[in-house]
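Two complexes follow with subunit A in common, the first pairing it with subunit B and the second with subunit C.
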Partner chain A sequence: MPLRLSEGWFAFALVLPALLGIFVVVLFPLAYSLWLSFTDVNLLRATGPAIELFGVRVPLFRWVGLQNYARIFDDPLYWSSLWRTLYFVGAFVLEATLMGLGMALVLNERFAGRPLMRSLLLIPWSLSRVVVGLLWVGILDFEFGALNGLLHNWGLIDRSIAFFKEGFTALNVLVSVYMWNQAPFATLLFLAGMQSVPEDLYSAAEVDGAGYWQRFRFVTLPALRPILFLVLVLATVNGFLMLDLIYVLTMGGPANETTTISWLGFQTAFAFFKFGPGTAILYTLTALCLLVTIVYQRLILGRFEPER
Partner chain B sequence: MARRRVGSRLVLYGLVAGITLWLIGPFVWLFVTSISYQRNLLARPLSLIPPEVTFDNYRMVLGLVRFHAEGQASKIIPAMVNSVVVGGLVTVLNLVIGTTAGYAYARYRFPFKTFSLFALLFTRMLPTVVLIPAFFLMLRAMGLQNTLSGLIVAYCSFTLPFTVWIMKAYFETVPAELDKSALVDGCNRLQAYYRVVLPVSGPGLVAAGAFTFMLCWNEFIVAQVLNTKPGTTTLPPVIAGMNGQINIDYSVIAASGFLGALPAVLLVLFFQKYMVQGLTAGSIKG
Partner chain C sequence: MTTRRAFLGTAGLLGASAVLADGRWGLARADKPVNLSGWVFKPDTVKDYIDFYNNKHHGQVKYEAIPWAQYHPTMETRALAGEIVDVMYCNHNNRERWYENGLLRPVDDLPGVDELKKKMTPANLDSLKSKDGTKLLGLPYFTSLFILIYNEPMLQQAGIKAPAKSWDELVEHCMKLKKDKVSETPFLPNWNNSPSGTMPQFMSDCFSEGANVFDAKNRVIVDQEPGVAKAMERWQKVYKADLVNPEVLTKTSSTDTHRLFWSGRYAYHTNHSYYLKTIAAEPENSKLAPKKAKMVMYPGTGQSYMWTDSYVVNAKSKNLEDAWKLTRFLGGNLNGDWYVQRQWCLISGLDNPYPEMYDHPEIIASYDKWIDLKLLREQYKKGKVISAYKEPWYGEYDTKAVAIVHNMIRGTTAVPKGLKELVALQKSLV
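Then we have the complex of A and B:
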């Protein structure tokens, strides 16, 4: 090798392609979107200010200051969507964590067919959210839904239940369907955590006369704390970002009653092609996610990787 | 005591049965509906075992028979091809670029290491949807709107940080003595990486690759917004588009959904051991 690099610069050269890639596909678009949220984007106007990057003319549009933000904060729909988002995230985090932990507790027991169950856990999680939405339509639909069919067979209902007709019900159905898709991943994380608890801790607790729930409370739960934090944070961020299920199941309706911030931003930008206000809405969502990331950094990285 | 044992075994197996039903029941039902006639799904009382089994729905979505909505349904095969191309190329790009970076993060100290690691963590938490307006205008300016290349670029934004992270966690489990002895044996640093460490890193590469492909195969929103021209998009937008049509029977849509889901499900089940290891290691370490 004619050129001898020092160890540090050799490693830097290995990282460089990935960092350049992330700059081009994440950081630059992120900055450009931020810029767009302060401008008056007109998709039909080809002229106007622009910057040339490697021969590509990227339009800059007209700067309007905080006008887009003022407009969205003036809109009562923004605020109702924000409160709805907070409800959605809260309910989703609660359901996904409890269900994830509950399934992990069962699957961590010894029973015949345990390895098979771990494979089954991956099925809901590996489906596209479009398919997740689709298959729950098959179960919950007013006319051909299997659940309505079964309840009818068992004589529990005379008339089919319309799960997507009333706003609050629809919102809760969205929470549960998303939970069905996401909780198995939490279960995998919890199971990995449970496996790292030394077996003799349980035997010792048993010798001391601890019952099942006491062993859970005093041995399992403390050992799972880092993973619990991780699950909570991932669920929170995923809850804020959920978009595709709304597209497939409710389109934000009825009457905007399942419209969350991410759906509002998506609609504003790509259904009404108002990129300025749309990116402004999506940027407030980004700020929320950033806040969660900082908490994540403080609570998890700060505590468990100090020596690196 | 013995009776209590039997009782708790019963409760346990009951719970396991319940979880099994919860996890795969809906997916099995998707398959059942896809081999049923719509009239049998509408029948009350409903029969869980289809009274008539048909593959007409699959014939329709695969374009083997003519029917009234064949315009929408015939897009399935080209969209699947697009999905394979996009997913495959993004996976290759990720493995080449992301793995090298993950290796450097696991083994070396270098300028901007902590800073760039934090940037990676930050990009992992970023909502992809906020980047779409920028991608839309950038790709339009480059003439890459409605092309697979544009999608490939956009998909790297959410896959690359993951790949680096998973591979970093994986390389941390490979003993550093391996590289050291390779260096002693006369390899240079680069050779130590691709001749000695990379060949024993199959499980990590499989985990990262399968995960990347799955993310791309399942992605919906980006493809829906960026590639709107017929024939340029991937499978999920086509399935979602059929779902929005009232003139298409649910059983037909279910067939397209099942076909769309199958590759990702099989991939994940086939590589599950590696994926679970890779993902849990990548997550737990931070």
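Then we have the complex of A and C:
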């Protein structure tokens, strides 16, 4: 007797391979790393219980409960890194969003060379962040930086500026460099949003006597609300996770003054081989990202009614 | 799996045949491939000598290079997954950890090792041993120490006839060079933020002041050593007087730091010995080549920090015989030939702990192009090793201590307070 599946089961069978893929690539690593944050991990001594998954032995290590979290919350370096991370994310999100929006407004206007400008815009975003870091070392370095050279040649400075000498300055340099790298993507999203606003709305606003800024405030901005949500969420998550520029530009220094949570988690896991506390540190970051996303959702999309 | 008894039996037979037949135990091609993993440093050079080995010694070595930053965690993850890499690079900080956790095996019982031990400098031999001093954990990849380098044309331009012999004199020279506007920042210490920067430099300068950093039980004792405070006060002084490039604190490697010296804008530089090769022998890169930059004996007691990185054999290797043969080729003198050790000396100025290497005419001629070899060998006699890096807390201490030392340098923490913080840091990690 031929096997007959209901429509629902048939659909499930069709998506099952994709679901399996998602489980192996996304859900399992996520759950496993969360588990690790509650254990004492020694990669070279994987004693303790283990599970078999597709024929692979996956060690579960020794359960220590909340000990890793207690230890990191007890570390003053964690808290100083957290405040620094919040500053970094706040400054980066603000800069990237405003710069992205500003560039999108310019590129939405009609002028000669606009297609070329739109293409050039994507270059910073398409570069690897290691390359971005090295590029900006070449620009900002105290010894051989192009910016110091230019300022010196123009007679504006006698002595080179050390952009990475003070921690707070170095942190702001990191914000700006990351903004340079990421703002084009925000521009792209905003630009796509602006293109989808019906021209009729602008025409109607013009008839009503609205000027440029009024059209921007009452037509463009409300239409961009879902895009703004997307830009803010992406910028926030990217800001929290940013690691590679720190690796290339400061390694968390001078002292620990550019150490963020992501750098601290990376160091703890991969330099000190403390994978339990390392993953615990990084999961606090995940929790923060989720929290901020919920806040954005409530603030921006809460009153947004999509067209039906 | 090869048992020790079976291996020794085979090795004994092969050793006897080697004695009788002039090292013919390698004539037959190895049955199984041997895996070699190392961090990325001149991988083409490594490939060349692996090809040489495969051809001349009939090996089947598969080599893989892994970026430095991920190297040790990657090797541990692979071990966790059950992968066996027969021969591995291992830096000094991770050697004891790999031994205690069963990733590497000691090599004391393998054929020919006693001869190599006798040829090795005692200090390097000690640093390659386990914490209890009973086991040899690998053979040397290279050894290095901190040296003091000076820019001869700059000193001459300022009318300084001889390089500084003491730290006070060095500071005096730098003050003069700055005052005379010969150099904006004449001193370039290796205060970078990586594990090869600030802390090895810290230990070097402490040793040169006759101070100890660790006691016999590997406890940090810097708050009890007047020489340490003296070194830190000098660092504060040179930083405050703007004698140092302030961005050296955020340089991410010793390589990046030494490249600054290529510009010829600095008078003095302290860094790993091998960096003088690119500074003084690569005119395509450095303005101080050929041989405009020179080394001078480290000031004070002349002692500086020395370390030894290594090749180690996997404890679970199923091909121990061939793995050991490859290890001897890499870190010793397989069949009496120091091929790999010599290559590193010639190509990169990477030193090794076998003094007899430095009598080789090819080495003498090569070093003569960039350094005073006799002086370098004298400096090596003053090289000081520590055993604290064999402690499980050392890696974390070594990284976290950088911020405390940087705060002392910048004067944001007073020296006595900073030294107490270093002691407290170590205690908190034990």
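Definition applied: the second predicted complex is superposed on the first by the 274 of 308 C-alpha atoms of A that agree within 3 Å, B and C clash if a C-alpha of one lies under 4 Å from a C-alpha of the other, contacts with A are read in each partner's own complex, and residues count from 1 in each chain.
Note that contacts are C-beta pairs under 8 Å (C-beta built on N, C-alpha and C of every residue); 3 or more make two chains touch, one makes a residue touch a chain.
These numbers were taken from a predicted model, which means no experiment stands behind them.
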item	value
Side-by-side fit of subunit B and subunit C on subunit A, or clash	clash
Partner chain(s) touched by A:Val248 [first = subunit B, second = subunit C, both, neither]	both
Which of subunit B and subunit C A:Phe270 touches, first, second, both or neither	both
Partner chain(s) touched by A:Leu127 [first = subunit B, second = subunit C, both, neither]	first
Partner chain in contact with A:Glu143 - subunit B first, subunit C second, else both or neither	both
Partner chain(s) touched by A:Ala287 [first = subunit B, second = subunit C, both, neither]	neither
Partner chain(s) touched by A:Asn256 [first = subunit B, second = subunit C, both, neither]	second
First (subunit B), second (subunit C), both or neither touched by A:Val207	neither
Touched partner set for A:Leu156, first subunit B, second subunit C, both or neither	neither
First, second, both or neither for A:Glu7, with subunit B first and subunit C second	first
Common interface residues of subunit A - those touching subunit B in one complex and subunit C in the other	56-57, 59, 141, 143-144, 247-248, 269-270
Contact set on subunit A toward subunit B in their complex	1, 7-12, 14-15, 17-19, 21-22, 24-30, 32-33, 36, 41, 56-59, 103, 106-107, 109, 111, 113, 117-131, 133-139, 141, 143-144, 146, 149-150, 152-153, 180, 184-185, 188-189, 192-193, 226-227, 230, 234, 237, 240-241, 243-244, 247-248, 262, 265-266, 269-270, 275, 278-279, 282-283, 285-286, 289-290, 292-293, 296-297, 300-301, 304-305
In the complex with subunit C, residue positions of subunit A that touch it	42-46, 56-57, 59, 77, 141-144, 159-160, 162-165, 170, 247-256, 258, 267, 269-274
In the complex, subunit B residues that touch subunit A	12-13, 15-16, 19-20, 22-24, 26-27, 29-30, 33, 38, 41-42, 44-46, 48, 97-98, 100-101, 103-105, 107-112, 116, 118-123, 125-138, 141-142, 153-154, 156-157, 160-161, 164, 188-190, 193, 214, 217-221, 224-225, 235-237, 239-240, 243, 250, 253-254, 257-258, 260-261, 264-265, 267-269, 272, 275-276, 279-280, 283-286
Interfacial residue positions of subunit C with respect to subunit A in the complex	69-70, 72-73, 76-77, 79-82, 97-98, 101-103, 184, 193-195, 245-247, 249-250, 252, 260, 263, 265, 395-396, 399-400, 402-404, 406-407, 410, 412
